[in-house]
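Take this structure first; my questions come after.
By written order: A, B, C and D. Residues from 1 in each chain.
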Amino acid sequence: MLSFECDYSEGAHEKILKRLLETNMEHLPGYGSDNYCESAKEKIRSACNCPDAEIFFLTGGTQTNQVVIDSMLRPYEGVVAARTGHVSVHEAGAIEACGHKVLTLPQHQGKIDSLELLALLESFWDDENYEHMVFPGMVYISHPTEYGTLYTEEELKSISGICRKYQIPLYMDGARLGYGLMSRHTDVTLPKVAEYCDVFYIGGTKVGALCGEAVVFTKKNMPAHFLTIVKQHGALMAKGRVLGVQFDTLFTDDLYFEISKHATTMAEYMKEGFRKKGQKFFIDSPTNQQFLILENNQMKELQKKVSFSFWEKLDDSHTVVRFAASWATQKEDIDRLMELF
Amino acid sequence: MLSFECDYSEGAHEKILKRLLETNMEHLPGYGSDNYCESAKEKIRSACNCPDAEIFFLTGGTQTNQVVIDSMLRPYEGVVAARTGHVSVHEAGAIEACGHKVLTLPQHQGKIDSLELLALLESFWDDENYEHMVFPGMVYISHPTEYGTLYTEEELKSISGICRKYQIPLYMDGARLGYGLMSRHTDVTLPKVAEYCDVFYIGGTKVGALCGEAVVFTKKNMPAHFLTIVKQHGALMAKGRVLGVQFDTLFTDDLYFEISKHATTMAEYMKEGFRKKGQKFFIDSPTNQQFLILENNQMKELQKKVSFSFWEKLDDSHTVVRFAASWATQKEDIDRLMELF
Amino acid sequence: MLSFECDYSEGAHEKILKRLLETNMEHLPGYGSDNYCESAKEKIRSACNCPDAEIFFLTGGTQTNQVVIDSMLRPYEGVVAARTGHVSVHEAGAIEACGHKVLTLPQHQGKIDSLELLALLESFWDDENYEHMVFPGMVYISHPTEYGTLYTEEELKSISGICRKYQIPLYMDGARLGYGLMSRHTDVTLPKVAEYCDVFYIGGTKVGALCGEAVVFTKKNMPAHFLTIVKQHGALMAKGRVLGVQFDTLFTDDLYFEISKHATTMAEYMKEGFRKKGQKFFIDSPTNQQFLILENNQMKELQKKVSFSFWEKLDDSHTVVRFAASWATQKEDIDRLMELF
Amino acid sequence: MLSFECDYSEGAHEKILKRLLETNMEHLPGYGSDNYCESAKEKIRSACNCPDAEIFFLTGGTQTNQVVIDSMLRPYEGVVAARTGHVSVHEAGAIEACGHKVLTLPQHQGKIDSLELLALLESFWDDENYEHMVFPGMVYISHPTEYGTLYTEEELKSISGICRKYQIPLYMDGARLGYGLMSRHTDVTLPKVAEYCDVFYIGGTKVGALCGEAVVFTKKNMPAHFLTIVKQHGALMAKGRVLGVQFDTLFTDDLYFEISKHATTMAEYMKEGFRKKGQKFFIDSPTNQQFLILENNQMKELQKKVSFSFWEKLDDSHTVVRFAASWATQKEDIDRLMELF
């Protein structure tokens, strides 16, 4: 059975497992204070061209969003996000569970619009009753978005400028950041991300790691006693080495970028294949996730031979589905996939 | 200066103050266990034609929404409300502060639509990823709504039926319930409210009390240890008599209905006045709040002579404003108001 | 039936009700922005000899503790309190419900000891694992304590000095503050309280008001957007006038101090009576609450003729009970009480 | 440099890494729905002799305590634990962060006493003011405790009986469960744990896994929608296989018990060595953690050559320290350690 269900169907890149094995019996201090974590941080700072970056490794995406957002908001503040943002819809209320509202903006192919953001902020501060409302205290964007789309540098700059004007941090959810940076259709680089965002995370779970996300605070703005906050959220890993070794490996010899590039190349190949087969795209995604509109019977037939993800119901006879490429995708599998269309 | 700013500009109905004075030096037990609370509850049960109703008195509207919703939801559940619902917008995130998401539906003159509610519930349970999403665990409606509008009995029945099908409680925010029940344009009575809703509150603060809201659980469904939950929210009044005496007075000789009727009659008189003056209504409200569209300069002129509420910006030169009648409104003041148009 | 159960058995002092009546039909803005609130604040500032004090009126004691503590702590911080402190035991977990641990110290007749406080703080910061523990972020004391006892100025000064050394605020729960200040056995004045504490509240509910507590931030340290935080906790009263008028009356012509003095004089009279009758005191209380040790059969006999409070079981045959005097206590009732012994 | 600092200084047992490698490229569904998770659950059920057990894999100990306790308590309930329990002291307030108080009992070598537990429960329900207090809703014990000590079967049975009488669940924190079960000085087996506890977890992080704890609900009492609750806490691992493969390996051919046995044997060997060297024990621990009292200068000298853990200050010249054996401890390292004494 072919599998294009998601980008976390396999374990980890072999180099990561190899390093975990090699370092396995070293005695290392816990909670992220080992030298692999240090080395990984240094390499990430360098890749971000951000020597002052403060970095913390967490285990998963929802956890990271929860800890970062909760630690940076004051109790009376909420986070602004696209209606389709992961924090808005698919985290089981993890943000609200910490007491914060997700203030939603319309989505445009998964992205927020800077003018609509500006209007939301202006209208909040112009409202005579703003003291009875949740303060917009942070902006959340995902890049790539939940629909695989990307912000342009110009868009990022614009959103970042608005955030600075209103003195609220811009946070980027980079669960699939590598796949965004290595798209052929982007002008956004990792140093640009570090420049425009106040905090972001470099996703590992979906880009070749067993688990792990690297949170990067770019403006010497890591909240005081962040380790304690992480611990309080149940998110502090005893064997921090597990995350340190993985990110150290990913950021050695550009492995993170290389495997991300592989995924986007595979996605383009798959996209081209779908195009040739006359398939209908739900959205024009430049990254590793491709969204097709399938007729329901066709979908059911396909499901017998290949796994892919249900995305949303389009109408009574059509469904939006997702085919994901990843660091682990094999070209031959795509060829076999195309034979099914 | 004339005042039509809101329905809580004055203190309490004189009969309430009189009773507070008369009973003032009686030694009474605390926390709502006094006999005035008991008597008030009995009268409310009777007015609701709901002999089994369990009743609890709280101090204010946001507090009531927070305590009721938090106590009736499981941690993984959120409350469904209109995008313009008080809990969605004007409670400073009080629901989220307790860990629960407000799941929004479109608003239609402040109301939710039963078909859209049904679609939300169906689509949640049909979603393959529903376990990663906030469960719709309760439905919140306000009656009258934030725009002064009212549900018909048919609409209530339909929403209630959907809630029962999905086994989630229907909660009515009755901050201005009296003004809704005493509208000339409603077929909804208090017993009907008790029949269709699983829990609702009868607002006192905006209907003649110094403070106080009576929460009514209609189906023997008051959460276990509700008093402790109230205490934990900081919402348990030591001198519960203050609420008991007020509600006992309001539900003696139909005072609550009488003063509500006065308010809606005054509102109709005001509405008729505006109509004659050719003013433009933002919405056709059958209750005590009237919403006008004012040209901005006209608005500024008026503000010098009468207080009213900013509601929302309509366009660059027009603003929606609210004129509220209440139990305390004087006919002569409306006559004087009309002279300003 | 005689009543010495508590200090909130009656309504409000008659002057308060009179003022509520006199001002009842004035149109006033909501949420504490009326001029009675302003006037009350000014009088309190003056009584505290603290011209810069920032003041906010809330409804009840647990609510006040919850809002103040939650608004002044960072998420990783807890509040230090005596094991018998109200926040530790009798608020149904209201502090924990907001996410904060109550870190307990031993109690000495209801008070914390400054050396034990110092030891707790030193030991926290000396602990190699302090990052895995809840930070002591505030000190809570009640004055009078839950046992009616009082801190001396020297003790307050010492505790305050330790708090300042560790840069954490000192918060005094003054639910019965008047009864403490007007004890014959105290050298603590209201200006001293304002000097040593960073924040405290002047209790109204138990000292002659229907409800209401005045929170005083003494060092220009009211948390930003405090009104929104209050609203989010469901603690913002729509008719703020109810609190404003009450505190304005209490702080006009020293009414608050006068009625507090009456209560402590009555308590001394009662204490003297108990002494003459050979009753055994559980604690030597200098304020309005008196604690006796009663043999259980004697207690049951008494309960038929007078109401008082169960405090705690002492041993199998004895119980600690409380007799409370208040602003409303009549000398003749004490005389009648003594006839029962 | 020798290392006896803790039982999580190394990576994972080699068999675990081997299995992770072997299964690495298999396409598996996410979030714990893969067949390795299923297989691991089945093996654990069998080892527990509890065919109905419901099992969920989480990542770390504090996370597990937080999710389990929060999911099983009602909002007005707290968890009873020893004053020295991990949840009481060393989880940065993770339980309170979810709104629940930790109600403490005295500790006796790290353990709670069943009679003191009974007294706490009786006294709560006998208290006339219990409605104003946090309800004891669950009992937390750690086994081994934070001091390495163990409950006897008799003690477990007694605590369990009390919990059942009061209808509250008994929860065992088994972060080091293997080391407890494989002690030479215990009559508690895994099936006994499953019999007496309502829920417990089998610790992996400290017993040979990279990370991972297996929560076992023994009475068909896993809270409804537990996966969503886990997700909401940011604790749901995308690649659940990482936990599944590890626990499947640990429970294949008794690996978990074998490596635990190794650790306790090493600890006994170390203990015997210390005894021969005339070292003073702080506590008589029958498991993998050994606590010594060191004179401060001796401690400083030792720290140059071996890493161990600061535990607590005993007096001005002595400190309690911990030496931990683990699945990875080498006999030769203990021999070298002894040469330092």
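General observations
Criterion: a residue touches a chain if its C-beta (ideal position, glycine included) is under 8 Å from a C-beta of that chain, and two chains touch if they have at least 3 such contacts.
It should be emphasised that the depicted structure is a prediction, and the values quoted were computed from it without experimental measurement.
More C-beta pairs touch across one of A-D and A-B than the other; that pair is A-D.
Ranked by separation of Cα centres from chain A, the top chain is C.
If you average the CA atoms of chain A and of chain B, the two centres end up 42 Å from each other. If you average the Cα atoms of chain A and of chain D, the two centres end up 33 Å apart. For chain D, residues that reach two or more other chains under the stated contact definition are 75-76, 91-93, 97, 99, 131-133, 228-229, 231-232. Listing the residues of chain D that touch chain C in their complex gives 75-76, 78, 89-93, 96-102, 123, 126, 128-129, 131-134, 310, 313.
Of all residues in chain A, those touching chain C in their complex are 70-71, 74-76, 99, 131-133, 135, 224-225, 227-229, 231-232.
Residues 1, 3, 5-6, 8-12, 14, 17, 20-21, 23-30, 59-67, 91-94, 97, 205-206, 210-211, 228-229, 231-239, 241-242, 307, 328 of chain A are the ones that touch chain D when the two sit in their complex.
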